[in-house]
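Each of the next two complexes has chain A plus one more chain, namely chain B in the first and chain C in the second.
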Partner chain A sequence: MNRNVSRIFAAFFGVLAITLPLFAGDYPLQVARNIMLYMALAITWDMLLRSGQISFGIAGLFGLGAYAAILGVIRAGMPAWLSILFAAVFSGVAAFLIGLLILRLRAMYFSIVTLALGEIFRIIVHNLHDFTGGPEGVVIQQGVIFGGNANKLYWLALVGLAVALAASTWFEKSKIHFALTAIRDNEISAKSSGIDIFRWLLLAFVVTSAIQGFLGGIFVQSYGFATPDTVFSADFTLLPLAMALLGGVYSTTGPVFGALLLGLVSEWLKLKIPYGHLVVYGIIIIIVILFMPQGLKQLVRRDAGKTEGRNA
Partner chain B sequence: MIKLRTENLTRRFLGLVAVNKVSFSMDEGEILGIIGPNGAGKTTFINLISGIIMPTEGLIEYKGNDITYVPAHERARMGIARTYQLIHPMENLTLIENVMVGSIFAKGNGLKEARRKAEALCHELGLRGLDRDTSRLTILEIKKMEIARALANEPEVLFLDEVMAGLNADETKDLIATVQRIAMERHLAVGVVEHVMGVIRELTHRVIVLEAGELIAEGKYEEVSKNPRVIEAYLGGGAA
Partner chain C sequence: MVVKRRTAFIVALSAAAVVALILWKPTVLIYGLQAAGLYAAVAIPMGLVLGIVHIVNLAHGEFMMVASYAAYFGCRALGMDPLLAIVPTAIVTAVFGWIMFQLTIRRALKAPELNQLILTFGLAIAFTQSINLIFTSQTYKMPLDYVSASMDIGDLTFGTWSFVFVAVAIIFAYGLQLFLTKTTTGKAALAVGQNPRGAAIVGIDVYRTYGLVFALALALVGAMGALFLTKSAIFPSVGSPFTMKSFCLIAMAGIGNIPGILGASVLLGVAENFLRAFRPTRDWAEIVFFVLIIVVILARSLKGRKS
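Let's look at the complex of A and B:
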């Protein structure tokens, strides 16, 4: 696809996304909100993956942000908008401190430790009963954001997605792209070219975690409550991962299209066969891993190659 | 003027002493051959100097500063660059992007400036088709890219670990001339590891010989190649 064509596409979808509430009803808006949330998470997961580090900790940092936001409102009386920013800072700072400890780990070791993080956070929240409300969770009694207005909640979710898209594009277009790709491809060569590996990994981990916390803040404000089992749900780790794998990893576009497709299909399946969508998720992950290691992007790429060939 | 020197540099791997009390120095503008049989410790020696591994004992001094335990990426920024015997291209970056990396991170250049400099470097080395994936490069092109990647750091000291291996006679000749020109123009101190003695004879001003981690001889190639201990090392190593 040529650059201008993709620009026009992006502009079209941008306008469509912003104006959706003007012509769509509550149900489609609710679906769109959900898809945008997972899309944003898929993008952040991919951003860190570009360094070669596979995180299973999305739910952990998402849930941490969610609790930071809701407790910020309930315990500290923060206004809703501030609590969402607080969520981002809280998850970002947590990731910085944790990153100092775990970013020396690689491959499976890193993945397993991040998986454990989510579980540890969940257990802590579970047990700090007096402060966090324990297993029953906490509810925002009054002053929910935007008075629960569906259009405004939709736009709030869109802001969450826009932040993830902007950050991912920044990663792709700046020297961060070179740092992370070099680290993923070969750490020894990366060092010899002057790359301070630990520093760049820390940057990627903190930025992606802060956005995950931000999204957790948006999520919890939109629903007005949090329990450990909802905000630390494994879905927040697994679904974004499946979406990014389906669309194709190491870019912004892959997770975007993967999330769109999987989000819509699973919504449709949910109506047809309740819970059946989860089976489909599993099957898609297996098929993609076995037959399309580069995701849907692989099909598009092959196609683009043919077109170029024909024109030449 | 001395650029780099080591004193009693030693690295053990469990019981094996891969580099054993090596003291040497390199001057600005000098091309130094580093030879020795397989497993003599040549690559390990370069790994120590470039900071890829840390020494068990000894001292490394660069431009008068002790850098013995300075991390590798900082040494790259200070001006020490190298290529790898086992090539390590970054396969998810194109040829030109591979060369840009050193310019961006070792020199702190912006992307535009880094691309401009990388293009000039590739041009200087005779590399074309700069937007190709590294999987599409010939051996000669990969070797040149590795040299370009190292030069992108704008080093003062450069180590080439068997860059000529796998090239045919014409390609080798071409690369020898290229390395000589680059070293001359930039007043580089270059350390060259090669198994082909013809290359060492033609390219280097001085040679050091390692055997089982120890420095056993030093001098001009013509002298060193007549040294009985060196002849013995090569025959004994079975790699004459």
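Let's look at the complex of A and C:
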């Protein structure tokens, strides 16, 4: 019964999301695109978190994808749609190679290394003037994808979100869920149950990074330019993290609602206080960690503990 | 084991120094040392917190940034020199740090490590963005004459003011070492760092000690915040790189090894200035830290797995 209700809700929101351009103006569409982008990033961050690994490198892989896409168009003459796929593959392969090295690290060491890697990508892009355009960045001469049609750009962002949602659901419904949860709960007992920890972590890391690269590709194609400071901006790490934490981690629904809420609030705050509206994110992170470690989910679903217990 | 690590450090250090001298770039050595002093002086308080409270304080650099702002506006209101503001800023920052510790970090001490990491990350954002909100992203700088003091040796001219950071770093490192080994409070802190439960059994108030150590570290950060004003302009994100760099130095020296931070920072400072000395590699100096932090962490994890 409960499941049916949530299915009806999901279907309703799905139809609403797809048909939004038919009755919303350009500004709401732009806001919706932003929220969807951050929502998708929040979901991918949470997907890796389900294995207990906390990444601070979202911006790094996002930016890497963004530059792969834009340079694919400019240097290799790729069509826009192909460059977005190329971004996903590029970030995925990069994550695979990096993952081979760093996925043996745990806890703060993993987090710090992902943060450092993001900085390294940014500096490399910043310094390879001839290839990447250096600090001034690069612009796509032939213009934005779809000629800048707001509706089509919206649907493109929706595709990005759909990919993240699909991957997250796949992670939740398949045996990956059990593997990642077991690794998060206790690595030793996971290992003795025959789980190849490294392989599952690598899978999760590569899939989430590829999606982050894909989103980077979509982002850069919809704006038509990239500079190191915009695409490697710390916002792409911070905002998704705060959104997922607020909504509640270890699920798909948590980041979705967190992103919806924070996205709308911050859009409103942006109009009120142009400088430093991000302070809200910092405060939300602190409050959530201290008082409701399970996020809003804790308040909405009173039986959360019961369900979690059954799943674990 | 510890001795072996030290000798490895010394070998690496002297190798770097020799290379720099052979290439006849004495400025590399001078500016490298000055930079090393600054890095070490900022990193040492973080090492103290990590070694005893076992918290990776990702808001470390941001605490210094806040202290710098406090010192700047204090100095400007009273027409004071930043050097006179060192002690007041240290006290104010220590109190502020103690309050922040009691309000936030203390509650997360028993939580999983990830929560602590995210919590201090949240503090960092809250600090940077609050300052951004209040003072905007404008930069502030103290006009001071004595910082441009310079020295000539032969046809070589270099600024001497930054050597003050080297002195401060050495004072911090050995002062803390004395505090931890000679005073009762210091010994208690060391005991808590080694084994909180054991320390509680012998009657040490663990949480009080954590609060004290955090406040002491923040006092040092506050002093550095005022001193930092003499050298650099301040803006909301000025502290952020220091968090990463400090963590990098601590990871290199090994958690709990405060004098080791001095050696690690000399290595990094010289390496960074070495790249900066040549035109083609100048822009890449920034990357040294991040590459080294990854290499050091990976090397440690490999070594840990073998033994």
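Going forward, the second predicted complex is superposed on the first by the 299 of 312 C-alpha atoms of A that agree within 3 Å, B and C clash if a C-alpha of one lies under 4 Å from a C-alpha of the other, contacts with A are read in each partner's own complex, and residues count from 1 in each chain.
Simple rule for what comes next: contacts are C-beta pairs under 8 Å (C-beta built on N, C-alpha and C of every residue); 3 or more make two chains touch, one makes a residue touch a chain.
Quantities reported herein were computed from a predicted structural model and do not represent experimental measurements.
Superimposing the complexes on chain A yields a three-chain arrangement in which chain B and chain C fit side by side.
Applying the stated contact rule after C-alpha superposition, one finds that A:I124 touches chain C and leaves chain B untouched. Judged by the touch definition given at the top, the superposed model places A:G194 against chain B, while chain C stays out of reach.
Within the superposed three-chain model, A:F23 lies out of touch with both chain B and chain C [touch as defined at top]. When the two complexes are laid over each other on chain A, the CA centres of chain B and chain C sit 80 degrees apart as seen from the CA centre of chain A, to the nearest 10. Of the two partner chains, chain C is the only one touched by A:A107; chain B is not.
In the superposition on chain A, A:L290 makes contact with chain C only, not with chain B. When chain A is checked against chain B and against chain C, the one touching more of its residues turns out to be C. Shortest separation of chain B and chain C in the overlay equals 9 Å (C-alpha atoms, whole Å). Annotation: chain A has no residue touching chain B in one complex and chain C in the other.
Listed in rising order, the residues of chain C touching chain A in the complex are 56, 104, 107-108, 111, 113-115, 117-119, 121-134, 136-137, 244, 247-248, 251, 283-284, 286-287, 290-291, 293-294, 297-298, 301, 305. Those residues of chain A that touch chain C in the complex are listed here as 52, 54, 56, 101-102, 104-105, 107-109, 111-113, 115-117, 119-120, 123-124, 126-127, 238, 241-242, 245, 273, 275-279, 281-286, 289-290, 293.
Of all residues in chain A, those touching chain B in their complex are 174-175, 178-179, 181-182, 184-186, 188-197, 250.
Note for the complex: chain B touches chain A at residues 50-52, 71-74, 76-77, 81-82, 84, 88-93, 97, 100-102, 104-107, 110-111, 149-150, 152-153.
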